[in-house]
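Working notes for the structure below.
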Amino acid sequence: MLSPIQTVRLLLCALLLATSFACTSNNAVSPEGPITRTLTDDAGRRVSLPFKVDRVISLAPNLTEIVFAVGAGNRLVGRTSYCDFPAEAKSVTEVGDTRTPNLERIIALKPQVVLISTASQLEIFTQQLQDQNIAVFITDPHDLEGVFRSIQHVGEILGQKEQAGLLVQKLRERVQVVEEKVKQQQPVRVFYQVSGEPLYTAGRDAFVTDLIRRAGAISVTADVPGAWPRFSNESALATRPEAIILSTGGSMGTANSTVTEALRQSPAVLQGRVYKINDDYLTRPGPRSIDGLEDMARALHPDAFKQ
Amino acid sequence: MITSVPSEMFVASPARQNRVTLRKTVVSCVLLAGALLLGIVLMALVGSEQLPAGSSLCALASFGTTPCGLTRDQFDILFQIRLPRILLAAAVGGSLATAGAGYQALLRNPLAEPYLLGISNGAAVGTMIALVFFGTIEWTRPVLAFTGALLATFAVYRLARGRAGATPERLILAGVIVTTFLSSVIVFVTTLMDATRIRSFTFWLLGDLSGASKTLLPIAITIAVAGTLALTLHARSLNLLMLGERDAFDLGVEVGRVRVVVFLVASLLVGSSVAASGSVGYVGLVVPHLARLSLGSDNRISIPAAALGGALFVIVADTVARTIIAPRELPVGAITALIGAPLFIYLLKRS
Amino acid sequence: MLEARELTVSYDHRVAVADLTLTLRPGEITAIIGPNGAGKSTLLRTLNGQIRPSSGAIVLDGQPLERLNRRSISRRIAVVAQEAELRFPVTVLEFVLGGRFAWSTNTGWGWETERDLQVAEAVLRETELSELSGRLMNELSGGERQRALMARALATEAPILLLDEPTANLDLSHQATLLTLVRNRCDRNEAAALVVTHDINLAAQFADHILLMKNGRAVHSGTPEEVLQPQILEQVFEVRVLVDAHPVTGGPRVTPVHDRRS
């Protein structure tokens, strides 16, 4: 039995935890060292992080890419089976796929931080990992700024703030070049096809919608609620897109490499403006998304990139 | 002849007038067919895109030979997208309702339903195998779906049948066993698929009529019509089978042969609809129940009526699914389950 | 006429009926009595062609049963078994019309003829169910349902009736009513009936012949007076019985005697 005072303290701690304040009396010292900083993630959670992080697990391919890009690849101790870039990532231990990672293996790898992406729908694991004193940091970029934020967050978590800043700066410059070039161009009305049968597209909350806008185009499904909505065939036909982007290739292989039936008579198809862009660039919000932006812009506005 | 009936003794019994007759059957079916046709036309006027109703009606009346002022895109939406989808909905609805009526007679239980018995899952496993191994060869889907449905039907039949036919408890238990087993097979196979295919597949598992493919639509319609006819042509045998296999045998039904016919035809119906549209649940439960409620248990009328009613039911359910959150879509199975599940609970409580 | 000659039936790896010979003659009721597991119901199912005998022959009107198709057998042999559970709403008339199936020219999409209806209505009158003909079967009482089963069997117009415990669910008055129906059929229409029953006194009252079975064999066969003798019954049923004359019919009356001291 707990004494009344203990009970009150426990309740207080629970309350404090629930409001995301560190409960100093119990958590002042974690096995890894003192907790001295908190960082707010994309889910609005204030995550308590160890000062020095040298064991991190990434549960999404874009986060793996970011970890390597900020120069902390050597501290990555676990990754998903989808994390295939850069090549060095493949030598890191696998902990399952994004949907069903192996919790036991994650815990056995003793990470200090687990990076997850809401795209992989892993919120349920968060609690269990936190119970093991493993910090969980959620990223959820809805636009390019969100991608940059993810990079900066990961850099900060891993003590690579400077490198992350440099990376973001370089990426911003590349984005600026693209935006400068397409500025004078007439925006192209684009249909972005995620899968043809059944038809899925990119909606309001997909970061790729922002990417399309920056590439000098308008996604015809930019106002559809959700990130990856199941889309009506007849509405697709009625959008009459001038260009169609198929996200295919990369780890997707040849999947989604044909235009959906409803769009076969669209102006885009009739004028031969169907572009295949590497799926990895467009579905993994990371440094290579800028490659995707450049490829899209180049495909949609070939004249602007001529000289 | 043993009984001799003196004509002056003849008095019409009160039940005589309420009997199912050829006339009553034909009248009911013609009315239902009219309602179905009306449903097809009306639902063709509704969709995520607005089409001018007058011109659409005119174009439909001309069977697509004149555009009646519709733009090229509007014409394509009507005839290339909406109408094929509505026809597929009709074929799937008719098939599932007929199959449901068949399983109910075979298992002697009004709760029998292809989705709840796991037979749709059997067909889904077959379709998945076809997708994984023969991705581009479309006709392999109904063939393997049929095989899967047949095996699942056989399993359910063996598990559910007790001395007193399939009691509700046994039936539901058998359905749960077959469904969960096949669900794990599906989960196992989907984990072997890549991530993007999983998403489209999970949507498809709940029933999706958007893929009204030019190859599968005629197959689905042919099987729906032929299957309904085949079962209707065994309706009198099914009437007796429904009351017990022993009784049916005693009264002259070739039980073994009729059983094989129901096995094959119902599996074919489920296989073709699952291959074309995934698993649309509860149609086989709701529609035959309503048919019996309004027209009686005689399969000579309830099977063709259920087929026509099922077609109408799925057309309407799918119209809701494709318009309610337009331009996004819901799986049609979600709509049919929303209507079917409460009815199932009601029927279960009554039995 | 239905004859079984030296019939042996093996069922679930055991012999259920052994070397049994039996003839059902027009105008006669034969009752089969015997302890549980004697093979009575198996015999009935075999006579109807549902269970294939391992040896011996069944001859229906001079033809071997296995050469006849299902419907021609059903036109000649009708079965009344214990009622099956009904899970579908069926009216009494529809139910009884089921008995006309074997007469239809089309077994699927056919329709009952005027004659089918007349026969059905006649048997409904015979079983006093005319009033209930439009009611649903599951609204009827147990006794009414059993009568409907009887009516359906009679509607087949089969000259041979096989009844498996037809009175099991009935009260006293309905037991007599039902067997009177059978008796009338035999008397008026030269039908032959086989009744499997546990009710020895009912058998004594209505049967012309009694076949006493035990362990699949016919132990005794003959008129009620010949078969229903204390020493025979005590040997077969392993219980002491008192057999005396029925005060009204004069036929044998069997009363089991339980010795309370043992």
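Observations on the structure shown:
Order of writing sets the labels: A, B and C. Residues in every chain begin at 1.
Just so it is clear, a residue touches a chain if its C-beta (ideal position, glycine included) is under 8 Å from a C-beta of that chain, and two chains touch if they have at least 3 such contacts.
Because the structure is a prediction, the values reported are computed rather than measured.
Geometrically, the chain at the heart of the complex, using CA-atom means, is B.
Inter-chain contacts peak for the pair B-C. Rounded to a whole number, the gap between the C-alpha centres of chain B and chain C is 41 angstrom.
Annotation: 42 Å between the Cα-based centres of chain A and chain B.
Averaged C-alpha coordinates give centres for chain A and chain C that are 78 Å from one another. Contact residues on chain C toward chain B in their complex (touch as defined above): 48, 50, 70-71, 73-75, 78-79, 81, 84-95, 97-99, 101-102, 104, 106-112, 115, 117-119, 121-124, 130, 133-134, 152, 154, 156-159, 185, 189-191.
Chain B meets chain C in the complex at residues 1-3, 5, 9-16, 18-22, 104, 108-110, 164-165, 232-237, 239-240, 242-244, 246-247, 249-254, 292, 296-298, 300, 351. Considering their complex, residues 47-49, 72-73, 76-77, 80-82, 85, 191, 194-200, 203-204, 208, 210-211, 322, 326-330 of chain B touch chain A. By the touch criterion stated above, chain A contacts chain B in their complex at residues 82, 97-100, 194-195, 197-200, 221, 224-226, 228-235, 237-238, 240, 251-253, 255-256, 261-262, 265, 279.
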